[in-house]
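Per-chain residue numbering starts at 1, and chain names A, B, C and D are given in the order in which the chains are listed.
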Amino acid sequence: MTPLLSLKNVSKTFGHGDHIVQAVRDVSFDVMPGECLAVVGESGSGKTTLANMILGVFGQSSGELWFDGKPLPTRRTLEHRSAIQLVQQNPLSSLNPKRSVGASVRLGLDVYGIGSPSDRWSLVEAALEEVGLPRDFRKRPPAALSGGQRQRVAIARALACQSRLVVLDEPTSALDVLVQARVLRLLNDLRAAKGLSYVFITHDLSVVRNVADRVAVFKSGQLVECAETGAIFENPREDYTRQLIGAVPVVTREEIELRNTLATEGQT
Amino acid sequence: MKRTLVILLRNPLSLIGVILVALVVLSAIFADFIAPFPEHRGSVVDFVNFNKAPNATNIMGTDLVGRDLFSRIIYAFRISLVLGVVVLAIATPIGTLVGLFAGYVGGKTEFILMRLTDVFLSIPPLVLAIAMMGVLEPTLMNAMLAVTAMWWPWYARLVYNIARSEREEGYVLAAEVIGASTPHIALREILPNCLPAILTKMTLDMGFVIIIASSLSFLGLGVQPPTPDLGSMVAEGARYLPDSWWLTVFPGLAILIAVFGFNLVGDALREILGADQ
Amino acid sequence: MTPVLRLLARRLGISLIVLVGVSMLIFGIARVIPGDPARIALGPNATAEQVDALRESLHLNEAIPVQYGYFVKDLLRGDLGTSLYTNRPVTQDIAQFLPATLELVLFAGILMVGIGLPLGIWSARYRGRWPDHVIRLVSLLGVSAPSFVWAVILMLLFAFFLPIFPIAGRISDIYEIERVTGFLLIDTLLAGNLAAFRDAFWHIVLPAFALAVSGIGQAARLTRANMVETYDKPYIEMAQAYGFRARRIARKYAFKPSLIPSLTIIGLDFAAMLGNAFLVEAVFAWPGLSRYGVAVILRKDLNAIIGTVLIISATFLIVNLIVDLLIAFLNPRIRYSQRGSS
Amino acid sequence: MRDVLRIEDLVLKFRGYTGVTEVLHGISLNIRAGERVALVGESGSGKSVTARIVLGQLQELRSAQVQGGLYFEEQDLNRLSRRQWHALRGTHMSMIFQDPTSSLNPVFTIGVQFTEVLRRRDPKLSKEAAAKRAGELLNSVSIHDHARVLNAYPFQLSGGMNQRVAIAMALANHPSLLIADEPGTALDVTVQAQTLHLMHDLVERTGTAVLFISHNLGVVREFADRIYVIYRGRIVEQGPTQAVFENPRHAYTRALMAAVPRITGGGVPEIQDMDGAFFDPLEVHGEDRP
């Protein structure tokens, strides 16, 4: 099977002269069709830079990106743009406060010419319905929605563009746990129903454990470990991964035990 | 919109502002019906009644050629308001576009546009207008031109600052990722978020344009006699202080009242629309 | 290079670019206008030969960019041309009239900062209570009238009705003060003449105050707005949670962070006084640049107009430069930043 | 054992354009000396305003109406003058904020701010003595290059470093109560874990009582002896941490626990819509005074 997205030795540096910052160094990984790959790391790990390169916000300094078996240029065609979409962390800022929710969702349809202009409002409403929002939310301003509802709108915006790969940049970390659980479930259901692939960027390992197929751990711009989710949690190879898991605040006894065993293994 | 109006009318200070603005605007529009001596806006001479202190017929007194001061002040409002509206109607769109694109596009566009703006901002506002009026003929038309030339950079700067901070907002990134065009992002996404601040500044600026225009004519570089203008009326009367105090005090107070009204409303708008800088 | 020096160099560079832009702008305006400068200079009675001769010597027959080149060449030698009004070099005229204006503006600037900032601090500290309401109303009134209106009102009240201050001029005729700096407040002290100093001081109070009224209002409003914003910051909440005295928070912990964004605008307001000085000088018969400026403008004396505008713009840029340095000094982020930009 | 803090039937209302909204509907809680008590709830539950009420900050807002009993170290706070209450802040009670970097003043050095805090208890403290004392306190949070840190501005230090500084400042005057409002939420997970351990050890050693405000159940489980679960301005469940986590009784607490994804796996939790039951009466676990 050809991967949907491949990164081959991708690096990114910022600045010039004495002030070079290497944000991403020599990173390679694949995302298969229908797969959810979690990208885990703390601040300064380069995960946002990575996301921006995948989305074509800026180009890589070296290396190659491939999409669906073909090289992905920095200047994206509309086809590429519609196929790769984004859901951001803060739904409060990712929706324009001065435009209706519907207008924000519709933007992609207009840009890509999806549907005829007269059909687009009903496509927007269909997308809203798909994420569990009433059709008449289309006319509301973002301020009239709760945090969870806004995040659903952001997801609807990505769906409406008929995307195949969605970059989820900390999509639930600004939400309360009860809302987070519902949004995560929605994301899972949509992935299964539509065969979507996710690049799920997060710092929350307990979320990763339950949504990702594979996990890529980043530290200071480098990929330190990439493996199946189960393997990462039960048998992490890198100390840094172990540290990350050890720092997760947990609620049940079993989890504490898991953490303790990881910690003792790490010492031996 | 409705909410804005309700809050505006509920607060005593902004209510006073609304009333003052309404008084000035209405008297300017209906000057022909309100002014006791409409013909005094021109070069009428009535030496029998010249230089009279305020009295029952001429509630603000008469000037040196016997014209009713109250009538002339009302007509002067008309000139000031027309000037303010025209200046802002031209300066605001120019400044907004410059600031919007400089702030959103960044890079070379930003450097060139903002240095150009800096050039205009580096000449104290009044001095630029004075200099322009110096080389041009002092007419109403040229006064508007001069004031407009010094006004647009302030909007460029205001909108530039907002656009630069809005550029960092998630919704701009979202639109960029989708692939929306630069004009779309600048005009449809960012501009609506600048509007409250622009609207507030326009209200406050109505007052400032009145100040600048009257300053020009105070120096003899603006609207020329016999057209009634508050600035030239003060200038004319200043030579007859303190005996004919009404010649300066009433036109001076008229400026104060008009500008104060616009400022009160502008301040209230700023608070309601949350448009701080 | 330290960040502050780098900032200074950068700002100086930008100021130079801006100054070149200003000179081109004002030169352009002066050349593009209808009418022949040589004809205007010589008056309607001059012969065509005389006009042609003057055109030739002023390089008026060249293309405008070439004319600008000549202008810059002269400018770099400190030559702004000759005023057609006074028949003296423009630089000499400016040297004579500028100090009086600067003295007035500086005095007004001190009043603006000295009164405006404390009012703003006070207003913010008592946000929503009566001192705040009073200060806001008064400062709004202050910015609601041009300085010539304040000049007339102050003159009427404190020179005519209550004859506390002199009506006009810089100093009484009885004093003969040797001109050293051109600033009378300094020259009188240098001459050791305290009575003259007192007299000069007494003369400057009303005009300076008239000039400062709107600046005071503006500074108070701005300081209040920025302080109110600062009061909502977590670090002020923390200072309050730790029981720091309200007065200490107002004067130190909230004031300094909010002064930094205010300073740029205060600098601009200060510069605006250079323009407003024209108005106040006219009312109080202050022998500064204004009388000269208005006179040369009414006579279409182009060299003098260009010179006056350039010198005012340069002063303005210097003020801005000082403000930038002050900000760099107050803001550790600029002082210690790697890139040296704000 | 005596209570450091006792809140009885606390009601908070805000007056706004749209009328009066009640934010707290009568909550009661107590913290004994040296005890670590957590107040856990989602955003908008009223947990942060509770902290501001204890410090007496909210009462200074004219739009806020506060009713109910507030007792600190056996004194009735409501009977204190504003001045007396103010005097308790920074000395007998202190606070740690969510984002350490933004809660430190950006234009003053750490040293200046530390001195100001130390002078709350000892107004005559000299600069040198303050620096020495600050150095000792920084030692206790494992910062050893005192001079560099005290001369630095907050933006020159990492978030974790600023958090340590904030902890040292909070405990500088030996308060009997420390209020921690979502401490370290803005930090990276590993840094958050480290600083929480540090804080835990330090308050244990100094016997400082803590009111720990958080939305994160995992953090609460590790830090607190006892917890109060708050939902929309009402306490719905309270008890020793162990008891509540092992056997949550209130529908809301159960839902909250169920909603947290487990690192042991098990898939994304399923949440039933049962908001109605969230308004059930208070559940109190044993060994706990009502």
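Assume a contact is a pair of C-beta atoms (placed from the backbone, for glycine too) under 8 Å apart; a residue touches a chain by one contact, two chains touch by 3 or more.
Note that this is a predicted model, so its numbers are computed, not measured.
Among the remaining chains, C is positioned farthest from subunit A, on the basis of C-alpha centroids. Each chain gets a centre from the mean of its Cα atoms; for subunit A and subunit B, those two points are 50 Å apart. Centroid to centroid, with C-alpha atoms defining each point, subunit B and subunit C lie 22 Å apart. With each centre defined as the average position of its C-alpha atoms, the distance from subunit A to subunit D rounds to 33 Å. Per-chain Cα centroids separate subunit C from subunit D by 51 Å.
The touch graph of the protein chains shown is a ring with every node of degree two. Checking each pair of chains for touch leaves A-B, A-D, B-C, C-D.
Subunit B meets subunit C in the complex at residues 13, 115-116, 118-128, 130-136, 207, 211-212, 214-215, 218-221, 231, 234-235, 238, 241-242, 245, 248-249, 252, 255-256, 259-260, 263-264, 267, 276-277.
Across the interface of their complex, subunit A is touched by residues 169-171, 173-180, 188-189, 192-193, 195 of subunit B. Interface of subunit A with subunit D (complex): residues 42-43, 176-178, 180-182, 184-185, 188, 203-207, 209-211, 230, 233, 243-255, 258-259. Contacts from subunit D toward subunit C in the complex involve residues 55, 57, 62, 86-91, 94-95, 97-99, 102-109, 116-117, 120, 153, 155-156, 169.
Across the complex, subunit B is touched by residues 14, 17-19, 21-22, 25-26, 29-30, 33, 137, 140-141, 143-146, 148-149, 152-153, 155-156, 160-161, 225, 229, 268, 271-276, 278-279, 282-283, 293-294, 296-298, 300, 302, 305, 308-309, 312-313, 316-317, 320 of subunit C.
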